[in-house]
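As written, the chain order gives the labels A, B, C and D, with residue 1 at the start of each chain.
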């Protein structure tokens, strides 16, 4: 039993060293500069995959592998998220008990606005995601909030994403130190290793997109949230951004935080901001 | 409640292409739920497509057909505006039917 | 033919012989009768779906064996993105096609799906099947009373890294 | 290399070999230490799923009266919790090494 622990430690420190050596040369920066970060982030992927069209990055694994792309196009002919989309449309139009609807909570009636989420709420001083805003709208109208990882939330966000399809991601960072801090916190979360596997989001989605992890092809981090929410064949059901974060954590054997925890809201803020300009392609179908 | 059958039928020339996506769990009866109990088999056994009073396609399905099953085929002898009748029955006696105009 | 010990072996042999000849001879009968007969039966082929082994399932469904043919074009991914949703389709240039079936060799039950193709319907089907593991997928086309097949291996593994 | 050396020493010290069969008192001490480390890891929002399952296994073994296995599982839980604490503290700076600049 003691030998096993040393084995664990050996692999842990070896992994730490191995990844540190192969990662891109870096120098610590102090001032938070989202604009430069976003440019560097996008250029990293554009140079690493020169023949992938910029807007194709939002197709995740399918931008990385032809055989997978063909299976995807086959699915997209009559996509499995069709039911969630219709359910979301119906829910969006059904008034709450008090007669109001989601349209009353959102600018432009909630149509074609998904590309502006998440946004930084200066009153609250925190990032507000689309899923959070939907539940707050429900609670403001006397309805019970939906689970962040279940189908109802996925159907609503699927419909809202659908109404924004093709529009470029357009996340704003106001000149507010708390917003810059949220961006930085999200970036830190993205690069921090966790779980017994000792992986960070970057270990898979920056170090080795396009490569296989068993049967799956890893998606590039650039534009990885543009297709959300996604119907995953693995779950044979819809998955919101919250569900994806929670399951990714447990895969690396890290205990997940509660959905819409600050860290998750900030990492969604970071990932969406660096994908500014790339089109919204949700809802998506994924392996 | 909206029908469990989504269908697209488009005619070009004499050939009509039909795609159908059906909302159904297609449980195999070999899977256990989180509490460890077996989810009983519940799957569509027969799916029939009729047009102008004649069967144009009949599917006999087993438990290996994916959840929310999808099927695509084409047939001759129909034209834009004709009506396509689609109906399915499953192993628990459940069923649904719908009609769609050929576009 | 195995020798039967019953009092009237020859009569039974003749009967069996006659039955199979009748079946074959029906090739040119008016379409209605033939399609019902050739496609085994109109009823849901319950037996065939319950058999584990592919060869048994083919025999239960069609009563005869298939021979590979390049006129049957089977399209399936090399590596399935997910065993639960594998897009598989088949098309053929053969004519007088009465039915098309899909078999996944090492699934719990080999026969996955069987389609009856009435006259006037194009002999081509696309569908999404479940595959338990890496194995051979076989499509069988019944044309003019004979069976033609195409087979392709599809790799299937679990995704994700740990958990 | 300095970091992993420190880690090894830290862990070796907490695994004092106990030759004789563990009794309930040993188990209680080991479990308390494991629980403390696990709470600290959770406090840093960097708990590992394997720590939680090792703690649960320790409790199950103890309830079954098998204090040898219970103590071993508790010690493993403590080691895992300490490793996750070490990971969280070292990553406070180490993440910058991966950052795209």
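Couple of notes before you dig in:
Note that a residue touches a chain if its C-beta (ideal position, glycine included) is under 8 Å from a C-beta of that chain, and two chains touch if they have at least 3 such contacts.
What you see is a predicted model, and the numbers here were worked out from it, not measured in a lab.
Across the two interfaces under comparison, A-B and B-C, the one joined by more C-beta contacts turns out to be B-C.
Of all chains shown, A has the CA centroid lying nearest to the centroid of every protein CA atom.
Centres computed as Cα averages put chain C at a distance of 57 Å from chain D.
Separation between the centroids of chain A and chain D, computed from CA atoms only, is 31 Å. Chain centres here are Cα means. That of chain B falls 20 Å from that of chain C.
For chain B, the set of residues touching two or more other chains reads 67, 70, 72. Those residues of chain D in touch with two or more other chains do not exist in this structure.
Shown for chain C are the residues in touch with two or more other chains, namely 84-85, 126, 128. Screening every pair of chains for touch gives A-B, A-C, A-D, B-C. The touching residues of chain A, counted against chain C in their complex, run 61, 67-68, 70-72, 74-75, 80, 195-197, 199, 204, 213-216, 233-234, 236, 250-253, 287.
Taken in their complex, chain A has these residues touching chain D: 1-2, 4-6, 8-9, 12-13, 16-17, 19-20, 23-29, 37, 40-41, 44, 187-188, 191-196, 198, 200, 202-203, 206-207, 250, 253-255, 257, 263. Against chain A, the residues of chain B that register as touching in their complex are 2, 6, 8, 19-21, 23, 67-68, 70, 72. Contacts from chain A toward chain B in the complex involve residues 77-78, 80, 82-83, 86, 90, 236. Against chain B, the residues of chain C that register as touching in their complex are 44-45, 49, 84-86, 89, 104, 107-109, 111-118, 120-122, 124-131.
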